[in-house]
Amino acid sequence: MTTRADGRADDELRPISFTRGFTSHPAGSVLVEFGQTRVMCTASVTEGVPPWRRGSGLGWLTAEYSMLPAATHERNKRESVKGSIGGRTHEISRLVGRSLRACIDLAALGENTIALDCDVLQADGGTRTAAITGAYVALADAVTYLRAAGKLSDPQPLSCAIAAVSVGVVDGRVRLDLPYEEDSRAEVDMNVVATDAGTLVEVQGTGEGATFARSTLDALLDVAAVGTQKLFEAQRAVLAEPYPGQLPGNA
Amino acid sequence: MTTRADGRADDELRPISFTRGFTSHPAGSVLVEFGQTRVMCTASVTEGVPPWRRGSGLGWLTAEYSMLPAATHERNKRESVKGSIGGRTHEISRLVGRSLRACIDLAALGENTIALDCDVLQADGGTRTAAITGAYVALADAVTYLRAAGKLSDPQPLSCAIAAVSVGVVDGRVRLDLPYEEDSRAEVDMNVVATDAGTLVEVQGTGEGATFARSTLDALLDVAAVGTQKLFEAQRAVLAEPYPGQLPGNA
Amino acid sequence: MTTRADGRADDELRPISFTRGFTSHPAGSVLVEFGQTRVMCTASVTEGVPPWRRGSGLGWLTAEYSMLPAATHERNKRESVKGSIGGRTHEISRLVGRSLRACIDLAALGENTIALDCDVLQADGGTRTAAITGAYVALADAVTYLRAAGKLSDPQPLSCAIAAVSVGVVDGRVRLDLPYEEDSRAEVDMNVVATDAGTLVEVQGTGEGATFARSTLDALLDVAAVGTQKLFEAQRAVLAEPYPGQLPGNA
Amino acid sequence: MTTRADGRADDELRPISFTRGFTSHPAGSVLVEFGQTRVMCTASVTEGVPPWRRGSGLGWLTAEYSMLPAATHERNKRESVKGSIGGRTHEISRLVGRSLRACIDLAALGENTIALDCDVLQADGGTRTAAITGAYVALADAVTYLRAAGKLSDPQPLSCAIAAVSVGVVDGRVRLDLPYEEDSRAEVDMNVVATDAGTLVEVQGTGEGATFARSTLDALLDVAAVGTQKLFEAQRAVLAEPYPGQLPGNA
Amino acid sequence: MTTRADGRADDELRPISFTRGFTSHPAGSVLVEFGQTRVMCTASVTEGVPPWRRGSGLGWLTAEYSMLPAATHERNKRESVKGSIGGRTHEISRLVGRSLRACIDLAALGENTIALDCDVLQADGGTRTAAITGAYVALADAVTYLRAAGKLSDPQPLSCAIAAVSVGVVDGRVRLDLPYEEDSRAEVDMNVVATDAGTLVEVQGTGEGATFARSTLDALLDVAAVGTQKLFEAQRAVLAEPYPGQLPGNA
Amino acid sequence: MTTRADGRADDELRPISFTRGFTSHPAGSVLVEFGQTRVMCTASVTEGVPPWRRGSGLGWLTAEYSMLPAATHERNKRESVKGSIGGRTHEISRLVGRSLRACIDLAALGENTIALDCDVLQADGGTRTAAITGAYVALADAVTYLRAAGKLSDPQPLSCAIAAVSVGVVDGRVRLDLPYEEDSRAEVDMNVVATDAGTLVEVQGTGEGATFARSTLDALLDVAAVGTQKLFEAQRAVLAEPYPGQLPGNA
């Protein structure tokens, strides 16, 4: 039978873990691991909203994704040193923001902003999907914090959970959660962001070099659904534990 | 019966037109119109390839998308004046480049680069899909030019045609080729890039605010396929005309 | 007798045309053509004025000139991608702004700004003079729009028309309206901005490589005057047609 | 008896820890903790040297310090997003580089570069001194790696160990290793970089607001020496353990 | 009789002075003063030429103009801190470069570059004309230096002298060499760059707010010629003195 | 006996001079010379304070250091042209600002800012220490100006004088005030900022390449104290002269 280099079945996730309270200053701080991919996801609450939203009474949620220079096999140049943000970084930051805005009622925040920072400490494929999946846990913690602080007009502004996973066609087979070794030679690559209510938030499928049939797309979505189900279970399990830091008041 | 503001059926494209030879310096220059959306797509051939590709013997294809300041209802600030490129511009430029690389054998170019520039003269929704669809026509013309100039090692490096269309859910209905008025209030928005060989190149579906069911995704893909079929016909029709400029030699 | 490559007499303009209503969002939108040089000139009205002018009760007029990457024979790099605006672009943008401010009473606008965007779609010499000449037509249309919208305190804030033309010494002869082929080998190059009241707004004469006698300057100004007269006639003719779009109210 | 908020004696360090092999791609990767301050220090080896050093046959060592946005009590804006590096970041990056260059014979590297990246995951005072102290351990690991790979012309290019500590005057008392709570109200603040050979590499003492007597400087240096001694012991202890990853060859 | 605030006749220059050898590192270094306007002009010789000129065997001459922050009545923000060069700076730098290239045979330099730096220490109108006039003296000194160093293939590459002066219409009168007080309220403002051979290099006349008659242009050119004559005399007088520094060899 | 290249004793300063009123627009303007090192130091008063200080009722003092391109032996590239400020410039600007803030009571200014600009006209080692020493004199003049203008709530906001000097170990000897020739080969390099009240403001000692003993540090501080004493005398002498410009009122 086929075997992936790491011994997994085609529709099997890598070992997933979430370390809540990874750092202590932000309202939510989670180290998420998808195998060797490790992303620090934090949710910070800041006063105010961007200029175009002022006066609306609504809050905002924004996200920034970044890769530490030593996260990859070959050191990559620091974007602050280059003086501008690359297209890939921009694209992923926007994806993370859109994905997480799908689960939160921003009216409940008043004119405050939640900033999600997803910094990749170590990259081994699937950094954007790990970032989204971990950011949801950090966001859930930040919501718990804000609720305890009496800062939410609606005590439960989260309507669903959000998780994301990569799928692809590698060696002609549809596979889940690609590590770098598979990702770098995948014929088709897709990222799926889903809710635990069974709906989709974002689907991005790309065939660079190759193109793909509609039936392949269907197969990819099927296996992605298997993966996101497992991720929702893992998120639920870890969020069943109490808030990892000190809550305001005596919460 | 439902009616769209412009009277179209849900699965009907806006009037599509291609003006080849729109300008005369680049090897390919096309003004593409999807209704009121107008994009100038040019394909310029330059010597050399990016540093990371040197010595490979392979060519490269890159794309840049940009919006003129007065293209939108409210004037938008010029990115050269701001001093940096925004995330949206980056994201679309990358999408256009990936999409067109799917149809061309870059080995045929030798170490030369085709630069596709997609400048939006007027925006009314669907600028990225118009850009991709028009860029294919410009690319086909550039290939004709290069062939006449004896610069191709393989006389037909294009393996298929590429076209793209937007689809979305508006007022609860699945609709094709959204103008700004529909796009700005769509619950789900998807861009589909396809080949005339019946395969997919890129699928990007987003539900900002709303999320969407897998069945909706299927319906969106169905109507997108209707649209891209029409676009391939239009591309074929216009490319049946002779090259609009002077070819090198007497080709 | 002498002949220019395109058969014109030394004091003859290239074919000039103005296409009003070239795009539909801005208050004024004109495609101006001086032979093969084509510039899209738009006049957009935005609320407010720059910080240093706030509280003055006066409006402002600003201009931005830019060259599309594929406008020239060899593709030129996009300034937004380079991350900074070059000296030539800066210089021309400032020239266009100063030139057009010479004809308008900014007090009539209240604290609003007219932004003139001159984007060169195709360059064949004289892009800055075409830009100024076309921008005047776009400005005139924007004034018509603002008047219909009841936004002007003085119904006729334009005191004169503005046009510009290049002149130079080529092959030892004083010539009008140089195309790229002449411009690139001109010994002396001059741009003249004039009003239809017979006065001058800006005179910029340069002899890179060569220097020039005062008598040459006089001869250049003489032939420039011939050219601007023709341009004023062309502007008047095209502006005699009705406003090309929908005016606010039923104006 | 005086007491510091965290119960330490004036000349006592916070709990210090080093986690070697914190990530696995770089040749050296260390998480250093000075109390709540946590810095990820990596040492990456890249081919080549900066242009001004080419042809010298000598290697180079460079360092970049950066603070993650959520590392501080209030989220700080990401420098890549701001588009330029701030003065503080520049200053500390240069300090780290100079400090570590004091212990290594760059000739042994040939024309290769060691890049030290110090990314602050959580800040609680003393981030630059933790960065230097941790970077030494990462550098020692990178040297071990390079030696095993047969890339060093001299098997032991490190002439001494490097550690750094902050000292200051707080509430009129000379104190070692200031956390943020003390640092932010210190009258005098000094950073001392030392070698385990008993010499100094860098001394930076600042009295913003206040100035300080020469005798205070002496007292600060005395207590700093106590601190760096302890740090050298901790470095030695952790480096006595085997290299945390896979060495090239069978090392 | 009319009188200017500083008592000068309308066609009279301010006191002009040149201090050669103002600093000692560059090959030419001149402090030029036009009344209270003081500009440090240096000519530095560097090896090599810009990329587009390599392999031509020709040298290059380039110029950079800059205003120190405290040079003006109100401190102006430093462009290095703003992160980009403004349009006015760009425009003047280009003007200075073009003007001085008119007098030098760049073939004599071989593939080397002369960089002219014009830094305004104090501004009181006419900074660009002072810069050009002073830069010529610095350039002449640099040529003397290069000749002594045996670096010129033609011992006298300067074909003429270059000087520049501002003229304008103030209070309805044509005046020479405007200080800030006059410049800031001039109806017409013109800068004239001339050679001591009686020809013109550059003429830039601008009527912001007002426009001007051709006869005014003539009168401005007449009075500019009076001014440049005086400037050529002053340049000749100061250059009659020996080179102010140490020449290579014993030249 | 030892001899330095310029004949000085090891603990002897280069000739020091201050030219007050070097330029006339800023409230304080001083040309300071330490031998061949020449720095123009200006103190400009501007309304308002940085955003983070607004509403505090307190003033602010900031500093910017910069090197003119031709100040060094080899021309250095202009930072405004490079588009970003280098680490060294940032570091020195911050040092100058901190140093001068040590002597002034910012509450006396109200919400106004003093901007110190230190522009190096010619560099021969010790530019940062000359900048600090000269900036104090410019600051003292600005305070005199502000007092005459009735803009100070406390007539004497300066609590002490500030001066700085470099010291180093060269050829194994501790030396004062290093010129470039010594600085470039110093084993240890230290900058000391002191007050005339006998205290220290900033001590920065660096051993790049070499490290240094605590006893060396002591010897360096001793000789620095000799140097700063002489500098305070020179400052006092020059400030005993009347304010070099026109004071507001008749002060």
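Observations
Per-chain residue numbering starts at 1, and chain names A, B, C, D, E and F are given in the order in which the chains are listed.
Please note the rule applied: contacts are C-beta pairs under 8 Å (C-beta built on N, C-alpha and C of every residue); 3 or more make two chains touch, one makes a residue touch a chain.
Keep in mind it's a predicted model, so treat the numbers as computed, not measured.
Between chain D and chain F, the least number of touching-chain steps is 1.
Superposition of chain B on chain F using C-alpha atoms only gives a rotation of 180 degrees, nearest 5.
Ranked by distance of CA centroids from chain C, the top chain is D.
For D-F, the equivalent interface within E-F, A-B or A-D is the one where over half of the contact pairs agree by residue number, namely A-B.
Although chain A and chain B share one sequence, what matters here is the overlap of their interface residues, and that overlap exceeds half of the numbers used. Ranking every chain by how far its Cα centroid lies from the centroid of chain E, the top place goes to A. Chain B and chain C have CA centres that are 32 Å apart. Taking the mean of the C-alpha atoms as each chain's centre, chain C and chain F sit 50 Å apart. Centre-to-centre separation between chain C and chain E, using Cα means, comes to 29 Å. Taken residue by residue, chain D touches two or more other chains at 83-85, whereas all remaining positions touch fewer.
Here the chains link up into one ring; start at chain B, go to chain C, and the full order comes out as B, C, E, F, D, A.
Touching chain F in their complex are the following residues of chain D: 84-88, 90-91, 93-94, 98, 101-102, 160, 190, 195, 197-214, 217, 221, 225. Contact residues on chain E toward chain F in their complex (touch as defined above): 23-26, 29, 36, 38, 40, 42, 44, 46, 64, 66, 68-75, 78-85, 89, 115, 117, 119, 121-123.
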